[in-house]
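What follows is a group of structures, each given as structure tokens.
Common to both upcoming complexes is chain A, partnered first by chain B, then by chain C.
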Partner chain A sequence: MSLVMRKSPIEYFNAAKWIIRRECRYLSNLPEVAENSEVVEDKPPKGRKPRFLNPTLQYRHVYPEFLPDPNPKFRNSLREKLERADMLKRRSQVDIPEFYVGTILAVTIADPHAQGKTNKFVGICIERKGCGLRAEFTLRNVIDHQGIEVRYELYDPTIQNIQVLRLEKRLDDKLFYLRDALPEYCTFPIDMDPEILPEGSPVPVNTVQVKLKPRPWLERWERQELKGVSNIEEHLKEKDRVRRELRKTPWEKFDLMKDYRKTIPIEDQTEIWGEVYNQLQQMRVSRKKMSKQRTFTAPKTQLG
Partner chain B sequence: MASSNLKLLCTLLSRIRVENVTIKRNLYQPPKYRPPHWYMPKERVLTDDMVTQDNRDFIDEVRQDKLNLQTAMESPLSKIEPQETVQWNPTTRRVGLIARKIGNYPLWTKSGKKVQTTLLQVVDNHVIKYIPPEEYTPAKDYKPKKVGKYRLGCMLVGSETIDPTTVTKDYCGIFSSVGMLPKRHLCRFHVSPNAQLPTGTPLFATHFRVGDYLDIRAKTIDRGFQGVMKRWGFKGMPASHGVTKTHRRPGNIGAGGEKARVWPGTKMPGHMGNRWRILRGVKILRINTKHNVLWTLGVGIPGETGAMCYLFDTVLPLKKLQTPPPFPTHPPAEDLPLEYYDESIHLFEQPSITFEET
Partner chain C sequence: MLRNLLNRFKSVPSCGFHTSPCLNEVQLLTRLRVVDNSEIGKRAMAEGKPPKIICVYNKKRIGYIGDRVMVAIKGQKKKGILVGLKQTQNVKVPKFDSNNVVLIDDNGTPLGTRIHVPIPTILRTILKEKTHAKGADYTKLLSIATRFV
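So, the complex of A and B:
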């Protein structure tokens, strides 16, 4: 009896820890890391199923800007509701596709100063941030040996068209290190053709590791635990390695409170996705129909 | 001889009289703070009243009945014929509104420019009472002015109905004397006598129109005791080059000689924020009639998200009302469009902005 008594609290504790971790990972709206998903696929958790199998919760990766800023200073349910309604209205006018950091996009924007009054830019998405109508993303490309970055606002009504040329993810959730990488890693032709993925396939993860130019760098990349960089150790001195060790914060991944402050609670998320799910789903379906029509009509025009 | 002298002195002394005493005082008397007669302390210490569950249920029932009565109450304005309403002229002053700041988000103009807006929600506003100028004595007057000297009357407006058991009896009395339920926020507006409204008139966001300008009065964010760099924007001193212990300090605060003292009004560290401030001339860009929300241009409205603010028609001479607004206020109407937009604002449900080639 005493043995049982002794054992049981530890077991409970472990179980609680497991549940909490699962929940947190499930809730975070940060982009999923590729390795994690692979691990889950290889080893499905035995016995207990994950507690929340709400399919609408998957939308937090596809439409991260629908989740509000978790800072309680700025939260207000009515404002968030009005903002979401405006976002859906804008989405009904322009097709904003699913894309991630690392995806190659072509954006056409109305520009009063451009020739022909429109401006098209192709580039790799190196950052996606902001929530609500403030959501924005940055494209990077190298044109005429000159690195160019353009920041677009996702809900800007001057945007005419957003086209996904190659849908993929990268190993990191921000690709600022491409600024210090060799230019071939972010050079994309302006007249790139879109690559169409087969339907129902998961978003592929590009595991390419870029090579950095020698120092000086714009940031201390060695301290950021980047997975998409191959030759970072070549450029480091002993001093840098020592300082990297000193600056490490290995405890932060166990900081539950920090995780909690960064995320929107499950109850709020189910409410938000329940509100916008139907309309987003309709838009998806209509987009699929449109793309099918396009594939049918394309050969005809060529023949004619 | 000595005794006669003493007698003389005594008679002289007995003649001395104190006619009037003048005491020299400081002539300035600061105005005594007299709270307005409708001011009552609101907060109550909540105690366990040892009420049985049955009685508690009964109180809840009564409260719910009263709330239902008030929500079902028809606006007194709906009975008045439109011909009877008085005409607006530029010198009249209308009542204002109590609103809550609920956040910021961008809108785009038709030329493709992004503008930041602040959202203000008008929450459950009702007219509580009107005090005509003859009876109105403002709080801070040293000498009460003569009757009839005031041009403007005083209108009390409340927002957000609350549970009467959570506030003091005195505060409840202000409302129950006019047959209303207590409100969380109570504010007075100076209005012209012809702009007066009967008790219980609901006020909506449509009281203002799109394109009008507002004055917004609110309390700024309370930042506590702050140094001179944050409070007054001083530059501080260098981080290095031999500077020790004076990186964020003000430096010199005065000269010597005749002026060897700290001059009044010198900018120094101290409490920052939590003061009433008025932002004048804020344009309304969009109005939602269902949720009573106003979108106003700019992010400079004092206070944090969730703070209360008071909205008035602006007094700026170039931005004043030119055409007659809804007067005395907009009557409740069923068939209003859901949203009003300023003509410069791009609607999200409209197709994307394109520019014509010229």
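So, the complex of A and C:
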């Protein structure tokens, strides 16, 4: 009995440690190897706190395009450095806000084809991809019962304004299933008003689960383990369920090497964030000041 | 037991063929969606017999945005202009959920009087380039559009 008693706290501690490590590996873009060494260094759990508070590493979610492509074929340290400098220059010209997949955005571009020479599109961000100056995002909306998607480059010089209308995340990394979902899930009015979050609050996660239209679908959604779809089982046949079981790859989440190849090591990340952190922070602060001034003056003009 | 194991391995479907996503190209016999309010187009869509492409008027024979096509619609041959494609488009050019067409006659005058879906703004430039002084004038299509994206 005493043995069991003595054993269990250690086991609990080990399990907790394992879970924490797992979780922060998923949250972070960091490989297990780098974290392992750190865990060994500071065994008491209190010692780990400062790392979470390290602001430079939090930026990997806010500015994911500053991290280079992890594929070694495409790595070139000089080009990456030059690109980062260019990105900062572009960011000093135009306000590129923090947004995630699932955020509703309004993008205004200078369009030589349009009559007023500007073109505004409102939609939900369904994917973000690419790194460096090639970073892209895709907006989707349903206008006049017609689904429309527009792909934009984040550092395109023709972009005049990117406005976040509703800052939130969704349950999945990519929302391509909205193409097969009922149209009300991606219908947003063009003249939508921005919703302002109170300062310092975390980005809310929208846990809405969409309903898919009956088949045929564009992709095999049942095999992708989507969290944001509610009625996927209704449309499946026995055959599809069998195929899904056969195609499952439950070992993949334990594949450390795969994770390592997909991510940038912590040493490289600290170097990159150390290079751009100060300027990004300055820009943020100055933008905040500007927006405060603007919000302060706006009601006056309305009253007058 | 060994046989059992072998059977198990066999039952996992092997992927011996190419599985890249389809290109959604607009080519011969592609079904289109008529998006104007012309009588023939409306009736064809209501009956569930959308028009089929029988010719794409360019060298590649694959339709891109703004290309002229000939369609077979309700037993007739009509010309049309592609105003929205499913295919992946360039940056800043909208991609639609369906392949849209607007029916025109030989002079480029649209058969309908209104287009009830948004039209990409890039069509302004494309159609202007395709219009010649003495040939057909395709820019008439732009004046019946209700909304641009």
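FYI, the second predicted complex is superposed on the first by the 252 of 304 C-alpha atoms of A that agree within 3 Å, B and C clash if a C-alpha of one lies under 4 Å from a C-alpha of the other, contacts with A are read in each partner's own complex, and residues count from 1 in each chain.
Please note the rule applied: contacts are C-beta pairs under 8 Å (C-beta built on N, C-alpha and C of every residue); 3 or more make two chains touch, one makes a residue touch a chain.
Computed from a predicted model, the values in this text were never measured in an experiment.
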Touched partner set for A:Glu136, first chain B, second chain C, both or neither: second
First (chain B), second (chain C), both or neither touched by A:Ile148: second
Which superposed partner A:Asp111 touches (first chain B, second chain C, both, neither): both
Touched partner set for A:Asp156, first chain B, second chain C, both or neither: both
Partner chain in contact with A:Asn119 - chain B first, chain C second, else both or neither: second
Partner chain(s) touched by A:Arg241 [first = chain B, second = chain C, both, neither]: neither
First (chain B), second (chain C), both or neither touched by A:Arg179: second
Intersection of chain A interface sets (partners chain B, chain C): 111-112, 153, 156, 158
Chain A-touching residues of chain C, taken from the complex the two chains share: 11-13, 84, 89, 91-98, 100, 116-118, 121-125, 146-149
For the chain B and chain A complex, residues of the former touching the latter: 102-103, 105-106, 108, 112, 114, 119, 121, 288, 291, 293, 304-306, 346-357
Residue numbers on chain A that touch chain B, as the complex places them: 73-76, 78-79, 82-83, 86-87, 89-90, 92-94, 110-112, 116-118, 132-134, 153, 155-160
Of all residues in chain A, those that touch chain C in their complex: 109, 111-115, 119, 121, 136, 143-153, 156, 158, 179, 243, 246-247
